[in-house]
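Following are the structures in question.
In the two complexes that follow, chain A is the common piece, with chain B as its partner first and chain C second.
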Partner chain A sequence: MLEFRKDLFADERDDNLNVIGKGEQRQDMLGHVTGRTRFFDDHGFDGLLHLKVVRSPHHHARIRSIDVSAAERAPGVKRVIRAQDVPVNKNTLLSLIGFGKDDEPTLAVDKVRYKGEPIVAIIADSDAEAMAAVKLVRVSYDPLPTVFDVQEALKPGAVVVNETYPGNYFEYHDKYDHQKLRFGDVEAAFRSADHVLEERYQMSPIEHASTETNGTIAAPETNNRYVVHSCAQGLFFSLGTTAKILALESNRLHFIGGTVGGGFGGKVDSLTEPLAVLGAMLTGRPVRYVLGREEEMQFGSPRGAERHVIKDGVMRDGRIVARQITSYFDAGAYTRLTSYGVVKCVAHMPGPYTIPNVRGDAYCVFTNRVPATAMRGFGVTGVDFSIEVQMDKLAHLVGIDPMEFRILNAYRDGDMKAHRRVAHNTALIECVQVAAQKVNWPLSETARRASSLSGGGGPRATIPPTVTDEGGRIGRPETRQAPPRLTPGAGASLPAYQPQPAIPVHQPPPAHQPVAPLPSYPSQPATAAPLPAPAPPVPAPPAAPQHGAARFSSVFTRRR
Partner chain B sequence: MTRHHGRGMASINYPIGMNLGGDPSQALVHANPDGKFTVALSAIDLGQGMKQVSRQIAAETLGVPIEDVYVDTADSDTGPHDMGSFASRGTHRVGNAVIVAAKEARGVLLEAAAEELEVNAEDLVTDGKGNIHVRGAASKTITVKAASQAAQFKQGKTIAGRGIFLIPLSNVSPETGEMSPVTAYAHACLVVDLEVCDETGDVKVNRMTSAYELGRALNPKMVEQQLVGGAWMGMSHALYETPEPYYPNPEHGGRDYNEYLMPGPGDIAPHDIAVLERPAPDGPFGGKGPGEMCANPVLPAVANAIFNAIGVRIDTLPITPEKILRALKAQGGARPQVRRA
Partner chain C sequence: MARMPVQFRLNGSDRAVFVEPAETLLGTIRRGLGDFAPKFGCGQGTCGVCTVLVDGEPRLGCLTLSVTCEGRSIETASGLADGPTLHPLQAAFMEHFAAQCGFCTPGMLMAAKALLDRNPDPTRVEVVEAIAGNICRCTGYEPIINAILAAAQQRGARRA
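And then the complex of A and B:
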């Protein structure tokens, strides 16, 4: 059941539109429901070959030797691909936007860092022949000690998982072993709070479990190019990754996709594209590399585990005065996207609430498990679970109804967030009120009258004097508890994004006319209604917005 | 054996688009000589409805019937660059790029019509049914088809447009975490009603009730599918699934859908949803993006409802019958909290 509450925020909307807001049937619906939509694996090729990989049975081991001679002689085998056949056999996904160091081979060299890591690829006439030949590859290993717990992995002297990051943590800004969030003085606030509650939350890994498993079909075209039928969630992201690993100019790859049987974040890693294209290059034939269900579930990257330790200071009247969150993201053996999820998590602290003192420390930690990746709600789902269970406990602790407690602490338009940007366009309070109404959950008059549009800003818009510290310098775990120093509550020091005037907005069109009149072509559209400018941060931010020329390299860490 | 009823809630917000920005999307729009439009993208439709939402945005902006627009994606030879379908960015980023491209194409269309009607393009409006006429003078009219044919065969004009949307990349302070993460947030509050069996530890979710604020709901049917499906996934995350049930022990991962436990058709709970629309100032027609957020409130709401039912806190996901029974044993039995329903 779905109903619209058109009465809320009605003055911010013009509902007199032609097509927008209508439940029109999708252009691709008929194909989907009749089973005729073509996905990547529905493209047939004459002479199609099949690729399967040899995977590590160990969580962590030195590779002593690899013997592929029996596999090469096996029936139907056309080609064996080894690590030395991969042109650029070290990559990190976010290198395309200049973030992080190359840390992951396509095929393992010298060492395997997780159970299921690919070591050798076999290309044969049939799936069955490729799988049979996989069993004939003889790899000899020296098993190594393992580490699976994130906090164990961060201890001095822990087993080194990934030599690119010898402390088992991703390096932020070439300076720290974690990403910091500092806003106000949590320690002082804890001392003045009526109650302090510290709790630990854990989310285990989760499999995307899409109906369609990861896979690629790559084939040589007649023009010195390769056509690639892909299920990637980012077409050019996968094309760029493949081009880098295979040392090809990007225009030698012709990627076709866009119709994908479920992703949820599990098809961002280009798990199959590079080897499928390499197979087509080495054999001159079309090559299909598709993960089986067991491979997908066991060795396709999952949502990574997260551990959040939350410490809150709360007053008897229900106001939260301080929140400290320490977060550990389990990246598995390689970075993939976890480093990015950590920063997104820090931006999300402390949830949709206005808390005057917030401290966050978030770590991206390497362990000997399957590398984690993005999944629906990346960087947020785990911390939201933790925050919202914590909120329930705090409400219980101070004896306030949990909905009233949310409304009391909710952020409102004009409030300063912990990452030092002013909130606008907020609507948490209204969501709580409507949900309460729907289930007849009694709310006090005060809670029913609360609004996201009023009561924010003013003293709630200030950046407080802030305690900062140099704790957690790279390579110096003993500094994680470094002495703090106080930074005065100056204005925001980074330019905030201001929507550009040329950006289209929902424009209230006159009656009988679906779209507002346009300026005469070819002049630039300039008639878009001026944006309701977000309330400027207090004090006002300096300078103009920074432009996209800046790359993530300047944001986080130099690429090496 | 007693089945204890419990009610719990959670409220959340969710950032729309890649954290820190720096994630561009492009779109190309062009008409064939009959005034039928194609939107070329490289965005990905994972089932979430990328093609349809782009199609509706293009039709609205162009001022033509939806049947006259089709979306072609994703071919790297013909579709311009897009960062990808993740981070709840499709509707917000691609939608804005489509508007820019469609506005430019509409500008040429109206120029062509103006030339045929011998009026000013500024005085022309579209009726969304395939006609262009002079504002206030409905008789002075030309079809989109005739204007497009004139553009192609008489005037030598290309009815086409290109669009890009980019939120410039934000820096992050190493010392304070100061940053500009995103420009728009969606919001939600969700209530779960469930029952817990104190003999088996089994949890049955009976009902979910929610309020979602999503900017403008560009296609209500697709919003509903996201919210219903996402809540199912949230329920699965809360109570059923993980490849590592004894994390950090890495063993016991499922190998197929028989071993990897998720709720089946008999476990699905009715979900009663209210949609609130506070348009995002920089969203396409105010749209945000419900894609990711709709799983999130279910996890804590389930955990909080279990506490309400039996008085135990399970802070480690998923909340399996084994964890519930162990916690009940440690507590010495169920301690139902104040009844809320």
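And then the complex of A and C:
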């Protein structure tokens, strides 16, 4: 008999709710079926101009020269916009919440870092005239070596993709090369495990392919403001980004939107708003900048590629005693939202399972690919997929039914998660039970009787001692210092690449602290063995996150 | 290039407009005549959001030249309702939640109307075939198929 969890979200429930089970008409449905819903492009303007951009044909190249003279003289062309016309030509999306360094130009200055990067914008009377003029822009390039593989990009001597981050990795808290999770002692647990399984999972980039492509129409209003018809998924986020890039007070921007023809994460990057508004400022006329389908498919940001290497230690009876995950996120040439996706990924290690020893390392890596962005659970979907495939392989390895294997290892109320939060309102066991029932999958009596409400806590609530090195640091002997920041001015030559140590393999410290108690071991006092005092004092951790991600992410805050 | 005059009937009204020789019917309807119901999705005839009816037949507005529509009768989703009264397809789309973002809806409706006009009692397979050229990325096709079948049923009941 299944137990239905009426206590889920009990503290958030309004018992007057009476909507479930009844249809409730959407407020926008009448507009949709009558064709009257106005998407960003469904607005007519007299004297509407059309904007198209010149894009890099190279994955990585230095720009030697740009000649726009023929394009400027082409029929219908009203204005050519170049990098120097963009007031603040360097931005990173999450700078609005103080997370990360400005690293991406609106129009490329001296270098292109991915195929399709915008270099020059052309505004003309018609789409066709703008496209014809795009072909007349002469850009001379010196192609540079490229790097497309995340692990290659992290190697010493790798090509520097994005000079703001010369190690080819996003710098967390301005100094760390990746995000780290440590719980217990995986090395000792691997040694005591009956089996160890290491597998590598690789995700490809995915294009959102919403039926409406990205685009914007911007027009001067009568009150010295600009009206902006936008398809942005985060309208005020896009407003802030546009205001920053154009050095405008945000109250001069009148964004209208919220009606999005499919987004799925592909419309959060403000790909078109800043240039459309700049075009309206420079011409004094309405300007429309819409990506064609080819542009959207080739250069619109995708969900980025991910690589996850998972190593698990498992006992013959099915208990997972150690899990180590190393994740590489391919950000492409610029940060956009990948830095945040990595934080989410680490928050989802080691999956909804109680594992007493966990080690996680996740890198946000720059390559010469199209910059990646949000897409439906980005940062989580890839690692969760990898973990679940790994769970099937582990179940097969120890000869246990995969559903039972999940129930056996599932987290339960009261368990300590690797992030040092006690698990509440867990329901994986019940989910697996229902799934099994729906497909008539036979479960053992033990698995059918299992409950998230019982069997958790106790020794499973213990925070095991965390392995540290002689310096009191976690994870590995040397924490790489952030390389010097490069902010080359116009015409400055870039300093030589700073060699960096190879990605070191974790060296376990000579003396191990006791292995954390395994989930079903009856008693090991919850107060845990005292931490041996490390010789030098533990350096202060990078304090409560000051970078704003705390406000941005439910990862850091309790659900109310 | 010299612009050319074209006359056609749009949702029951006679319209005359000057077009570029290479102008598409979608461009003329949207930017030339201000009916924004048909959408631009791909410009290559693969997504179907620009579907309009030309003399009752579904056509891809993005691949149809306006100059070939001289004297034709064009229908878009804007002309489906009879004043304040919704077309049975529109009512069924609402009833069955057959739209999420709504971007594919005007094209879906026109493809469905063309089907029901020539085949008032289609099978499920025929409905699927009729909208095979229209891509939806949000809702999934099931509610759309159900809505079209329900509209057919409702029309049949009214005729009986």
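Operating definition for what follows: the second predicted complex is superposed on the first by the 446 of 560 C-alpha atoms of A that agree within 3 Å, B and C clash if a C-alpha of one lies under 4 Å from a C-alpha of the other, contacts with A are read in each partner's own complex, and residues count from 1 in each chain.
Assume a contact is a pair of C-beta atoms (placed from the backbone, for glycine too) under 8 Å apart; a residue touches a chain by one contact, two chains touch by 3 or more.
Because the structure is a prediction, the values reported are computed rather than measured.
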Touched partner set for A:Arg293, first chain B, second chain C, both or neither: both
Contacts of A:Asn162 with chain B and chain C, given as first, second, both or neither: neither
Which partner reaches more residues of chain A (counting touched residues only), chain B or chain C: B
Which of chain B and chain C A:Ser339 touches, first, second, both or neither: neither
Touching partner for A:Gln179 - first (chain B), second (chain C), both, neither: first
First, second, both or neither for A:Val260, with chain B first and chain C second: both
Which of chain B and chain C A:Leu30 touches, first, second, both or neither: second
Contacts of A:Gln324 with chain B and chain C, given as first, second, both or neither: neither
First (chain B), second (chain C), both or neither touched by A:Asp41: second
Touching partner for A:Cys431 - first (chain B), second (chain C), both, neither: first
Doubly contacted residues of chain A, that is, touched by chain B and again by chain C: 23, 25-26, 28, 209, 259-264, 293
Complex contact set, residues of chain A against chain C: 23, 25-26, 28-39, 41-44, 48, 128, 208-213, 259-264, 290, 292-293
Partner chain A, residues of chain C touching it in the complex: 20, 22, 30-31, 34-44, 47, 49, 76-78, 80-81, 86, 89-91, 93-94, 97, 99, 101-106, 109, 135-138
